[in-house]
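Presented sequentially are two complexes of subunit A, the first with subunit B as partner and the second with subunit C.
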Partner chain A sequence: MIDNDLDDVERVVAYGMNPQAHRYSPLDKLNRDTVKHLTPAWAFSFGGEKQRGQESFTLVHNGVIYVTGSYSRMWAVDARTGKRLWQYEHRLPEGIMPCCDVVNRGAALYDDLVIFGTLDAQLVALDRETGRVRWRDRIADFRAGYSYTAAPMIANDLLITGNSGGEFGAIGEIQARNPRTGEMVWRRPVIEGHMGTLPDGSETMTGTLNATWEGEAWKTGGGAPWLGGTYDPELNLIYFGTGNPAPWNAHSRPGDNLYSSSTLALDADTGEIVWHYQTTPNDHWDYDGVNELVLFDMEKGGETIKAAAKADRNGFFYVLNRETGELLLAEKFVNHVTWAEGIDLETGRPIETGARPGNPAATDGDRGESVTVAPAFLGGKNWNHMSYSQRTGLFYIPSNEWEMEIWNEPVTYRRGAAFLGAGFTIKPIYDDKIGVLRAMDPKTGEIQWEVPNRTPLWSSILTTAGGLVFYGTPEGYLKAVDDETGEELWKFQTGSGVVGQPVTWTMDGEQYVAVVSGWGGAVPLWGGEVAPLVRDISQGGMLWVFNFPKKRPSVGDYSGVDGSRAHLSTARRFSFGKTL
Partner chain B sequence: MDRIKQLIAAAVVAAALVAGSAQAERWDSIQQTGRLSVALYDDLAPYSCQNLDGRLVGVDLDLARALAERLGLELDLVPFGGGDSMSEDFEMLRESPPAGEWEPASREVAADVMLHVPLDPLLSERNPEVQILAPYYHESMAVLYDNVALGELPTQITDPQPFVGHRLGVEMYSLSYVFLTNGFNGQLRAGVANHKSVPAAVTALLNGEVSAVFGTRTELQNALAAHTSPRPGLAMSDLGNLFSTNRVRSSWAVGLAIADGNPQLAAQLRQAMEQLDADGTIEDIFANYGIPLVRPGDLGELIPHADGAAPPA
Partner chain C sequence: MKPMLAALVLLASLGVPLLAVAADPLASPGWPIAQNRFLTGKTYVFDDRVQVIVPRDAEDSTAVPGFVRVQGIPDVQQIMVFAELNPIPMIVQFWPHRLEPNIGFRFKVQQATPVRAAALGADGIWYIGGAWVNAAGGGCSAPSIASADADWAERLGEVHSRIWNRGDEGRRLRLTVMHPMDTGLAAGIPKFYLEELVLVDDADKHLGRVEVHASVAENPTLTFDLRTGGSVRIQGADNNGNRMLGEVE
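Entry: the complex of A and B
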């Protein structure tokens, strides 16, 4: 069992650093004063001809790093030396249909197993020592359009997975298995009308048939929960975001279309849905609701609220009560949100502006009416995870400012036949930035500071007790900034775009940082007018590990030339502690 | 933003110039090599799709063979997956400029001809770099229906009323799907049943699971022909203008496309296709797939009423 070791800073054993997905480390040896000495310890190339996007979360246990790569590959690497211990390369069949690059986001550790999912929608459990396959199971049929790219999660002694697949009628589903054997314990489709299975083998329906979908549209309703979930062991609830409904054209499916573009809380014992909160009812903008729900305790008015936060594709930052799903706060975290004026805190529903694409069957003219909407469908934030700092109480969000134009194409021909298509393209809003790293106060919804980036941010965030915020950029840098000001303190050029997930741990008394480098993901494939900005970024596939150099400067050098700054920084930290 | 647009526009123009200057009349190089390369969709049953052995089969494949033979050339097949719009597919006819890492791999040589291209003035206008010619059949939107469940319908349907309250099969997210779910004030939406393909929907019709299937005439006829003893009581009607906005057409002619600026190649293809039509080759090829040929000019006899629908031998 690895569940109990979460507070052990010598290990990284849960995706997101803990099941609440804080992506926060209590380590502070590496801090605002010392981070400038951070230096590569070693690097490991994934090798082969298979590059593309590297989005993996790095697990560390007993001096071994477990990292996954593009095209469903995994490696075990000696954390001290970078020596490869074993490699697993999944044999992928022809005809896999990943929508948004051939990425993998990481594995789960359980006993002597390391378990990950593949692009052909299989789960593979490997022996941690040898890399040999111990069991395999199919999440869904890849030939029906399913895939898998997320990291599985261990919760309630179960292996929890969602699925991927947006086309050809794929239906979102969350599954729980016995991690030792792969045997299914429960499964819960996330679209109303479909039947789920309980641990005793009996079946119950998700939602109420035809309550929010007309006719048979629910049968091909989409909603894939493709990013993975979070877990509250105390409440025994599993939280998952669900994908957008299918098809893309909302005129085909009037109604709220539950539970698409929602966050669900599931009973971890049975998989039954305990509450739901839908961020985008009857979505018509591809505002996928899969983004992670980060669980945190919020002190407000002398009370401790069991809260949770989500920065949605649709541009709103939501704070919910994680026991009940009650909405506590909803504020924009990007400057441009034009599909809704705001969220009604009473009803929890968006106040829409009417910026919905027109009905293609009723369109006149050559191109139909075009609407410009922000955020673009790649979202105010995409899959790459925000971090909650236990030190500052702030959320650090890798956001993007972009908009999209959507229009109906009354005369399209597709594969030799007439077709009613829709056209859409992503556009930047600003001349000098798309990505913006933002520090958000979950109590007020206020942005404390922000750091712009020329290209879209596509890496996850890591915060530490040392007052640091780590993130990567498509330009190839891993950066560390001050968690109170956003001031850049350190950066390192990794040679390819960083769209991975930084982690930190200690080993032999030293603090280490790791991240994968390798440009890819959805932006180069779907980026529209943004794609030229990133066209010349080299592909890659490399695990970088950093620590202090062995021959390190004397302690005095840390304050060195800017001893006064170190002093200031201490004072600032003190006063900051009071304002909270 | 505007600067980016300009950059893209400049790059496109530059690429076009490079392509233009390097391009001689295609027919000359075809004659030199003695080979004709034909681009075909790789997943468009019954026209060109892979059979169980992974070989390409279908109407268009047979037509490509006949065409190459008539021209005295060896045939090179260039199967490809269709894009979201045919404007993307026309890339098959263009020698790509060196592409970035994220663009599809560039082809060494562009295809000489692409099959299955609709003749539509707007499609041509939007894609001036290609020439669309030599239409070989006429396609139209149609409905195959159960005339016990729905009663006898006119051969030209102009009114959605007969279908209200019935389960209607479509291929997922096809033109028929969009019209039935988006149009007619939603009257038909609740009855729409999505299927993976037209043949799957036709099977559902034969099993009595749906009362009608909407699709193109030739897809419906081909799917029906695959069933050895179709149920009696099936009939087919043309949709006329039921599925149309002021721009979308319910019927169109299908022909070939080549890169513009190759008059000799165009003339050779036209002549060969005319001969294949005149000697009955095209009609035979369609008949082998259970599709009665409707020539582009034969608009008067669009939909033979298909009661029982045994395809002509």
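Entry: the complex of A and C
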């Protein structure tokens, strides 16, 4: 929205808490000692029968919460009372093709507008007061497999969006619009050979035709930047991760396949690519490169480095110089990474182990030789965002330990049809855990501590100056752990799986925490042998808001509370906090 | 009607509440609610010069034809059409501007209800006409036909229109916009309806505007009587921000 608003702790106006995506709050009223008093203030049901994955980031401004839900819905809710102010339900056409559940990850605020994208690849700008549509524009044609699930970003006074549709051969593209009108300012396809448009209307090619793609494979090359980006206002660079190349069968597209499975730095004025770093050249495992690049300043050897970090699907945690794209560090953040031994810091390229699926053309049958490889295609970390704590200087990564068996099949492109050319099944590695919350030191690449979870972690992380790390679990809990030890300090059962994104702010002198609850996302759809673990989780669709009441009489002390009913409710409140 | 009107205006000017005297000629149980909802603070009078033409019995509850004609009231500013016993009472609000103060439409009816038209004169008085329509009902909570058709989005927003020359009676424009007009009352289908149509002539002059509500029948068909010649451009928008454009000569 407005850059200097971002430090205001009474607001949450940018996806990821700030354009650097730290997901960190300087608030410390809630801390390791007091978090046990955190109690629900109210809850809001999204209603209807559309209870699927709820992955939304909640925005808070002037006492109003803006939250999106499954099936392209949005609500404005009074942050103090939970009263619904308005609802927008997008009428979706039949035939939308979201690959990985009908989720939405949030909206962007700009002036008196709140803007979000829909599963039929449209942008809708609503009046913040009334919820009425002020403008609408098409990102891409949903009939060709495009959709949109990310939160748009405001950067350089522009509305920035990627697109979704990687599993359908859709071409990834980043677009910048005038947030007031929806008018396109620039657009940049992320696959080499495609033409982008500059603000003056002229066109330039992305990369060099056939430099890293052979023949015409680039035309259906995928690369959808479906998760959204981050922004450095000083460098005026926009950072976006790009999706896997299409099809999955890499035998049909020799070469590095730029700029798939990469992180790109774009000039925010023109959309031109300033630098790129490819995490998985010629990706063969669906190691999507969309994961967020978190921007931070790293003190090392007495100097401050403008750094940035990414925990990639492929199992490596990368630290880059965000001005130049130079690789500074690459370490495994999951125990099992078998596709590569490591990353060569000189060349920036992976040292592969050779664990690529066999070419179906080399066998008699339809199916190439299969391999078992880790991480699985859902990644060492998926979309759910890590947090950078300004307090500890550590990254908190919601990681998953799993492997997959994968094989290739011949495939031809058909518009709007899945374009994979691969078969696969995901398997757990451990009997007792898949998810692991890990604290990673970006200077050394060492894991400081870890907390296991039975099922995959699919919620984003929030850290605070109070020494807390908040995250959700598919088992339904929102949890707070100690940022130095991982010790669990508080949890609350929300009634359905938490795959959302916790946020915190202050209002009327109290600190609030909000998260959406509602199980779904890619795991139940694509989880293979993992899916049975999560089969019995109830669906949901609820916004939970917690606060930290000003008056906290100790148990047995009811002074200042009059009447037996007040007595009872206070006592209840405490038993709540204690028994959890 | 004239003497009654004069009396009402006199009473109004004396600050006497009109409710007490303006008894509903249709004797509808919904009238006090409708009056409260749409006419609070407004001066109004029942007047036969506002004609509401609807069938006595609705054959199809999802598309009942209606026509409102205002004759003999000069310089009509605005016309509200509502069916007060419908779950979505308002049907259309019409600002005739350079058009005749007449409008044809098709609407959904949930149960037997009066259909009213209130025309705002240049004198600031709302003139109200109405008629009952009997119906088997259920028109508002039935899913749209489009909602059962996987391809509805392909034709969304298409505008079909034609102008007839009716001799002394001038030119008549009829248009249809392809739109499901989902009311939000059928389970699992969000509210999705055409909200506004603006008519503009070939010199970009504004001819008139109509606000359409979800109670208008699927694929809204509207009729307007023109005062001017030349082609007409039709611009529309729905509650999801979809835009429609049409042109007719």
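In the analysis below, the second predicted complex is superposed on the first by the 527 of 580 C-alpha atoms of A that agree within 3 Å, B and C clash if a C-alpha of one lies under 4 Å from a C-alpha of the other, contacts with A are read in each partner's own complex, and residues count from 1 in each chain.
Just so we're on the same page, a residue touches a chain if its C-beta (ideal position, glycine included) is under 8 Å from a C-beta of that chain, and two chains touch if they have at least 3 such contacts.
These numbers come from a predicted model, not from an experiment.
Visitor: Is A:136 contacted by the first partner subunit B, the second partner subunit C, both or neither?
Guide: Only subunit C; A:136 stays clear of subunit B.
Visitor: In the superposed arrangement, which partner chain does A:49 touch: subunit B (first), subunit C (second), both, or neither?
Guide: second
Visitor: In the superposed arrangement, does A:95 touch subunit B (first), subunit C (second), both or neither?
Guide: second
Visitor: Counting residues of subunit A touched by each partner, does subunit B or subunit C come out ahead?
Guide: Counted on subunit A, the partner with more touching residues turns out to be B.
Visitor: Of the partners subunit B and subunit C, which touch A:278 in the superposed model: first, second, both, neither?
Guide: neither
Visitor: Answer with first, second, both or neither: which of subunit B and subunit C does A:216 touch in the superposed model?
Guide: first
Visitor: Need the overlap of the two footprints on subunit A, from subunit B and from subunit C, as residue ranges.
Guide: Dual-contact residues (subunit A): none.
Visitor: Which subunit B residues qualify as touching subunit A in the complex?
Guide: Within the complex, subunit B contacts subunit A at residues 1, 4-5, 7-8, 41, 43-44, 47, 82-86, 89, 100-102, 116-118, 120, 122-123, 139, 141, 172-175, 177-179, 181-183, 186, 189-194, 196, 216, 245-250, 252, 254.
Visitor: If you look only at subunit C, which of its residues touch subunit A in the complex?
Guide: 150-153, 156, 180, 182, 184, 187-192, 237, 239-243
Visitor: Can you list the residues on subunit A that touch subunit B in the complex?
Guide: 168-169, 214-217, 219-220, 247, 249, 251-254, 359-366, 409-421, 423, 427-428, 431, 524-525, 529, 531-533, 535-536, 538-539
Visitor: If we count contacts the way the header does, which residues on subunit A are in touch with subunit C in the complex?
Guide: 48-50, 73, 89-91, 93-95, 120, 124-125, 132-136
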